[in-house]
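Take a look at the structure below.
By written order: A, B, C, D and E. Residues from 1 in each chain.
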Amino acid sequence: MINPVFMIAIPLILAFLSLVAARIKKWLLLSGVLINIAILFFLEKGETVIGGFKPPFGINLILDNYSMVGLALAGLLLLAGVVLSLDKADKYSTVLLTALAGINGMLLTGDLFNLFIFMEITIISAYILSTAGKKPEYSFNYLVIGSIGSVFYLAGLVVFYSLTGTLNMADLAAQNLSMGTPELLVPLFLIFTAFAIEAKLIPFGGWVKGVYGNSNRLTGALFASVYASTVLFVFGRVFNEVFALSGAVQTIIVLIGVVTFAFGEAAAFRQVKMRRILLYSSIGQSGLAAALFALGLIFPAVLLVISNAVSKFIMFSITGKLREIYKTDDYTDLKGVFFSNKLTGIAFSISAMSLIGLPLFFGFYAKLNALTALFNGGNWFIPAVILLFAIVEGAYFIRLLIALWAPGKEGEIADKSHAVGEIRIFNIKKSILVFILSLVILAAGLIPDLAGKLISSDSGFMGGDGPAFTMSQLKGGE
Amino acid sequence: MNLTIILAVTVVLAVVSFFITRLNKKAGGFLTVIASLFAFVGLFLLKGSIGGEFSIFYFSFKITMVGWYFALIMVLAYSMTSFFNPFWMDKMMYPGSYNFMYLLSMAGTIGMFFAKDFITLFIFWETVVWSSTFIIQLGKSRKASYVYYVVSAIGSMATLFAIMMAYSVSGTFVISEAFAGLSGGAAIAVFFTFILSGLAKIGIFPFHVWLPAAHGNAPHTFSPVLSGGLVKMGAFIAFLSVTAFPAYEIFSGMFKVMGTPFPIYFLMALGAISIIVGTLMAIKQEDAKKLLAYSSVANGGYILIGILMLDQVGFAGGMMHLVNHAVASAAAFLAIAAVAYRTGTTKMSEMGGMIHRMPVTYIVYLVAIISMAGIPPMGGFVSKWLIFQGLADKGMLFLAAAAFFGSIGSFMYVFRPLSAVFLGQTFTRDLKKKEVGFFMMLPMLILTALSILAGVFPNTILRVITEIQASVGISPVTLAENTIVTVNGYLDAFRVFIVFGFGFTIAFVIFIVRRKSKKVELMDTYTSAEFIHTRELLHYSSKFYAPFERLYDKAPDTMKLYKKIAVKIGELGNLTESLFYGHKPEKTVFWVMITGIFVVIIGGVV
Amino acid sequence: MKKVFTAALVILFGVVLLFGLSKSIDIAGYGDGLIPGKAADAYINKNVTSGTGEIIFGETKNAETGSANMVTSVIANYRSFDTLGEVTVLFLAAVGVSLIMGKNSKEGKMKKSGFILRTSAGIIFPVMLITGIYIFTHGHLTPGGGFPGGSMIASSFLLLYLADENFKLKITGFKVAEGLAGTLYVMVGAVGLIIGGYFLINFLPTGVVGDLFSAGIIPVIYVLIGLKVGSEITGIVRDMHKEEVSV
Amino acid sequence: MNVMSFVYGFLVLLGVFVFQTTLTGLNRKVTARLQKRYGARWYQQFLDIFKALRKDSTSHGWVFDFGVIMALGGIMATVIFIPVAGFEAFPGLDNIFVISYLLAVGMLGMAMSAAGSGNPWASIGVARALTNMLAYDVPLMIVIFTLIFAFDSSSLSEIAALQQGMGILGWNAFRMPLGGIVAVIALLGMLGKKPFDSFIAPTEIASGPMVEYGGKHLGFMFILHEFMTFIEVSIILSLFFGGGATIWEYMLKYAVLYTFMNIISGVMPRFKIDQAVKYFYRVPLAMAIVQGLVVIFTGLGVTLWF
Amino acid sequence: MIRLASLLLILIGLYGIFSSRNVIKILIGVNVMELGVNIFIISVGFFKGGIAPILTADSFSSAMKFVDPLAQAMVLTSIVIGLGITALGLVFARKIHAQYDTYDLGAIGGGKDD
């Protein structure tokens, strides 16, 4: 069994070393993400104390199912991203290694202040990666907004510290502060703001458009999958395990999440640039996940985050590459581009269809779980909004898929002579990699119960409910 | 026969056909014929195991009479149309995917009709939706595919909502039990949201916009399936929404119109509106496929009204109209496809006199439209007759008025392609065209035969329907040997056919015994002293009903409604984009502060 | 008008925030930070793992951390993991600065500095350097530590930049120092894991509170931090000093 | 269904042909007198038909022939189903829907044949005829629907029988006056009499289709027209004017009704086709609906008023 | 009072970010905010009569009343992070200037996405 601290220590050492041995930093990065995955499955479960000081005095790492899922997701996608875009990643090797440490730290840590630090590491790495878009004003915007978030987080945290005298998550949770009361509203709001900014919730995520919209195939894929899912995972932990939401705060956060979902999908609907479509869709999805987390429906939210992360990873990678080749990501200029890239196209389509929540794909299972859980909680309004905007979501994704697959004038049958270019988007190895990733979505969608079991081992996360809906319940008639 | 085998074989063959098509396009097409015929025969043999329950994978199925009935109609449309597939492979952009999706969607429909629980139903349903979406885009319009998906999605999302809402009350997804315990406002919400996917699929106003778009622009080999088959999925949902969801019982306390609870009557009225809209729009069309698509809208209205009546006669009519419309519509679309196979167009103004080149196709089309218009001795007459009787029995005047309108209007529109495509002068371009080969003719002839058989021996079909009626607990329609008996009279379709034959024979004999007539060319007609030597010009086909069309050419377009909604959503998106996003931090700071103030005030602190 | 509006909004936000916060803590008061049972009490008494009673300066031997400076004990021992992250943040920032300034840039030139600056720089530079080193080596005893010490080292180099417009820094050495110091920090933690079973455990004898050679690994860590911070900030200064050749 | 039925059917056909052709001939005279002409002899119509049948003809292809046969065959089949004074060749099959839809077979055949001639005027005629049909049929069918609802029967003979024995006030035309008016107006449309004769329109388009027909084809068309007239008048007669208890009563009533139609037609101008549609969808449709609502909700008219 | 002052500093920082479009000024605003929050943290750890948390010859015993060392440690961390962010921000500012020849965000107009 390996101490989980190595999930942080090894990338850090490699990051520090990459500065010294700049020539092999690409390989350091690759080995870093590989080791990260390799040791992931041999980690010691439970609580790990650092420095020998028991919490709440020392810092502890917590490796439960929940953080395990987060780690696996982030690690695998980061690995895929690095492999897929090694040429781009080379320059950012040090940053990516540090980011890996930061992400692992965020997911593992059991201390709120420690979380702050790892969050800063992660965000700063994001600031740096965002400069790949060659639009410094957006990076600057991100930096300023992110800093406001950090300041708010610290301010909120300190209030809690002054009330309880502890920074440890479990210890704070044990104090049984009643989070629904007006007394704790402002500090909670301050902390929420910090997460909302990172989780792209409307109206806090003003940086997203510029940063995602100018991302390349590496950064876009990482932002939308690795970073986004990590932030949401932490969001879920903080607002369920540490600050168990209730009362007005909960309503407000749920409302913000739902509004984000609706607005995000609406904004995506009118875009023609693929990156913009994807970025607004990401905003919408994280709004939904945040709302679910805030309602305490952790399992569906996790499913949603996973499905979204994998899909977005694939789609952003392909989109970024398309933009590289054709200098545009306006899909009306890319009609029929998948004709000569069928494998890549299928991967893209599977991802998109999973996002929409069409059956046979993993997204459907996630959506079904979310709906069941929501209805079980007696809530019908949010499902209505979800389904209403799922139509919008489906509309723009299907429109996109149609355009990318079937070129041709209106009134004439689809014909390959109208297809854009015959350039291979990815070489054969990379296509297969992307395709396999998409097959994961398909497979997980075909055997969702197994996938669900793999994710939560039936018990749910952090004491929450397990799957609200399983396919096997159909057989039993229950 | 075992449903597992049918489903497994079709799905496996779907995948196989994908790869085979990559090797040899034609072979892949023939594989779809084999697979769909296999499924048809398999389903036919499945009748013995009705009532059985089992599960495959995590899906659970129950073989019901009604499911069997629907599935058989559906697979009939699929298998007949599949005969055309091999001949269109070269024109497809993605032949492999086409074959794959074709069979996958067929498997989806089969699974859907036999689903025991709503999740299984929904999964198969949506599979059909997306696979057919990807087929339609291969046709003439990308937009059509988009419209098709959006309208379907509106329906299926609403239905999912209803399923979930019902689940939250009853705690089960099993179709027969899921709606237990609903009442009041929740019942109304579930009813309307549940049936929405049915309405969308049948093409009931205002969801009919996808039919002309999709039917009219889908690949010629898929339009028959869409119109003859997939539309009937909606009828299944309509069926469930009055049987599995006991609408008549739940709403029995509500305000009633002519003995029918208001929510149901409202839907019937929508059906009536679609009859009128479909008829009027069909009259206007210049494209044969779009015309037939609108006729499907109108016929969908009949089906919906019939099924929702859930009584002895009208219901039987609605259920029977399913078959008749499926057969006739598939045949008509296939005939148009056959013509398009030779001429390459479906625009009525670009064709003429095909009867001289393709007489068999003409007969097929003629019989199909006679059935669609509800003229004896074809099947369509019997089902419409039943629906009329049902309506007359209940005294639903306005619905009946719409039904009459649609029925007579259908004479108008079905005649148009007949006249424009088949009759009149053959265009110079088409003078050398030949009839389609036997392999393509075969399905058309089978469908034609079925159409006539359904009209002459309607009781064969009605007997199945009586069993369905018995299974949902309504008194079955009374059948004598060849006779259908209703309160208001009875119909002996066979005798009507015989008398018709008698009259025809007399006329034929008189005709034959008179002197043989001299053949003259079609260009040799009386043209009021004008001499026109261009075949194309002498053929009257575009704007056929111009004076009539003028009466309603300012009618609002439903598509505009959807466009407006889309624009509104876009505006919301625009607003979101401009309000929250940019490159200046001040925007976010502003919103953080506003939200902060808002939150604190809402939270009751200040 | 816009200014008034913005100001009004900020003030409104402030007022609302004030009201809200005043429900959670005494916003107007000050000096009430004595929270019973808070984690920090254990840091002061050094009895997190085992209670050793009162800690007396210059007498208590082998106390938990052995650092006279309690802040240092928190930073470099109790919450050393935070500090590792903190160092990483700075490291990341330095990497980011050098990445963003890019390769296609050369070192810029300062204005020619004045006489006093130039001559005094030569004198002050070693003093600053030594002071910086002093500060981080005595971090466990006196106020200060790795961060201030490192900054002082960096500012000594900044002084050189200011003083001499032709001053150029050889970068490799700093990079190596930066990288190795960071690596060693983690290594120290890992060694602790091997010896004591916990990452970053204080595995050296802690000595007498108040001695120079006390507090176990704290001085070691602080030296590493000092070196690292010093080289990082120097790196930042150097990179900021670059000029872009072409846009 | 036995052989006798067919024999009876054949006899009905013959009788109807003789009767209606005579009546047509007489009415030609009536119309002529209205227009201050002398008019042809009463048997001129017979002469026309038999002459046409004897002559040579030209054909525009097989659908031209087939359409004519199909039209006459369908119409003759319909005639067989029409109950005359309670007599039916095939008892129980006088269902109003069957008759009105079987009628459509004949029309479709005619339309097909006409369009098959390749003459564009023919197509215009067909288009107008079908539009006209859509115009008059909806109000008429609503009225018929009302009758079916009122009498719980869709059998022509039964509805006719229900009106008999109560004198003239027992006729549906008087029990449901609005419906009666609608029926009469619709009958004008069905018969293609003025003001609804734009699809025949002798001076505009008749020269089109008609000249394409000659010889036996034209003869068929004549016979067809006689049968069709008989069917249409009979339907209205049975539904609204009590049919006839005896064959003589029936023939008398029939002659009066038909002549009445001719007289109205003789003094009317002609509607354009879109005007006809507009007219039918304003006045008769409204009347039919009012009549229907009255019957359905009040029951007024189901029994005798007085 | 000092907490009020720290809050005020945060607000001033916010105002700076909110009202200014100059990149450097915005960064200054961020720094002021950070300063504010740092003071706020310190203020939470302080209590009247507390002494600096260092054992010296004068304040020799842990039994004496020391102010909260944890808050001070947090502030130290926060300062360092602030430094890192400021450094990055300044580099971004330089990048903006190099690319657009201005520090004024209002004059950039967002630019089109590449």
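We take it that a residue touches a chain if its C-beta (ideal position, glycine included) is under 8 Å from a C-beta of that chain, and two chains touch if they have at least 3 such contacts.
Since the structure is predicted, the reported quantities are computational estimates derived from the model, not experimental observations.
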Next item on the list: Indicate the lowest number of steps between chain B and chain E, counting one step per move to a touching chain.
Entry: 1
Next item on the list: Starting from the Cα centroid of chain E, hunt down the chain whose centroid lies farthest away.
Entry: D
Checklist line | Reference chain A; chain at largest CA-centroid distance | finding: D
Next item on the list: Go ahead and note the Å separation of the Cα centroids belonging to chain C and chain D.
Entry: 106
Item checked: Cα-centroid distance, chain A relative to chain B, in whole angstrom -> 42
Check: What is the distance, in whole Å, between the centres of chain B and chain D, each centre taken as the mean of its C-alpha atoms?
Finding: 35
Note to self: As a quick test, compute the distance in whole Å between the mean CA positions of chain A and chain D.
What the structure shows: 75
Next item on the list: Among the residues of chain B, pick out those that touch two or more other chains and give their numbers.
Entry: 582-585, 589-590, 593-594, 596, 600, 603, 605
Item checked: Overlap residues in chain E, where contacts from two or more other chains coincide -> 14, 17-19, 26, 44, 70-71, 77, 81, 84-85, 88, 92, 95, 99, 105, 108, 110-111
Next item on the list: Note the residues in chain D that touch 2 or more other chains, in rising order.
Entry: none
Notebook entry, point to check: For each chain, which other chains does it touch, given as pairs?
Noted result: A-B, A-C, A-E, B-C, B-D, B-E, C-E
Next item on the list: Spell out the part of chain A that touches chain C in their complex, as residue ranges.
Entry: 3, 5, 9, 12-13, 15-20, 22, 48-54, 56-59, 91-92, 94-95, 98, 101-102, 105, 111, 113-114, 117-118, 120-121, 124-125, 127-128, 131, 159, 161-168, 171, 182-187, 189
Next item on the list: Under the touch definition given earlier, write down the residues of chain A that touch chain E in their complex.
Entry: 113, 117, 120, 124, 127-128, 131, 133-137, 139-140, 143-144, 146-148, 150-151, 154-155, 158-159, 161-162, 167, 210, 213-214, 273, 275-276
Next item on the list: Provide the residue numbers of chain C that touch chain A in the complex, in ascending order.
Entry: 17, 20-21, 23-25, 33, 35-40, 42-43, 48-49, 77-82, 84-86, 88-89, 91-93, 95-96, 99-100, 175-176, 178-183, 186-187, 189-190, 192-193, 196-202
Item checked: Of all residues in chain B, those that touch chain D in their complex -> 258, 353, 355-356, 359, 362, 366, 370, 373-376, 381, 385, 388-389, 391-393, 395, 397-398, 400-401, 404-405, 408-409, 411-412, 415, 418-419, 422-425, 487-492, 495-496, 498-500, 502-508, 510-511, 514-515, 517-523, 525-528, 538-541, 544-545, 547-548, 550-551
Next item on the list: In the complex, go through chain B and note every residue touching chain C.
Entry: 590, 593-594, 596-597, 600-601, 603, 605-606
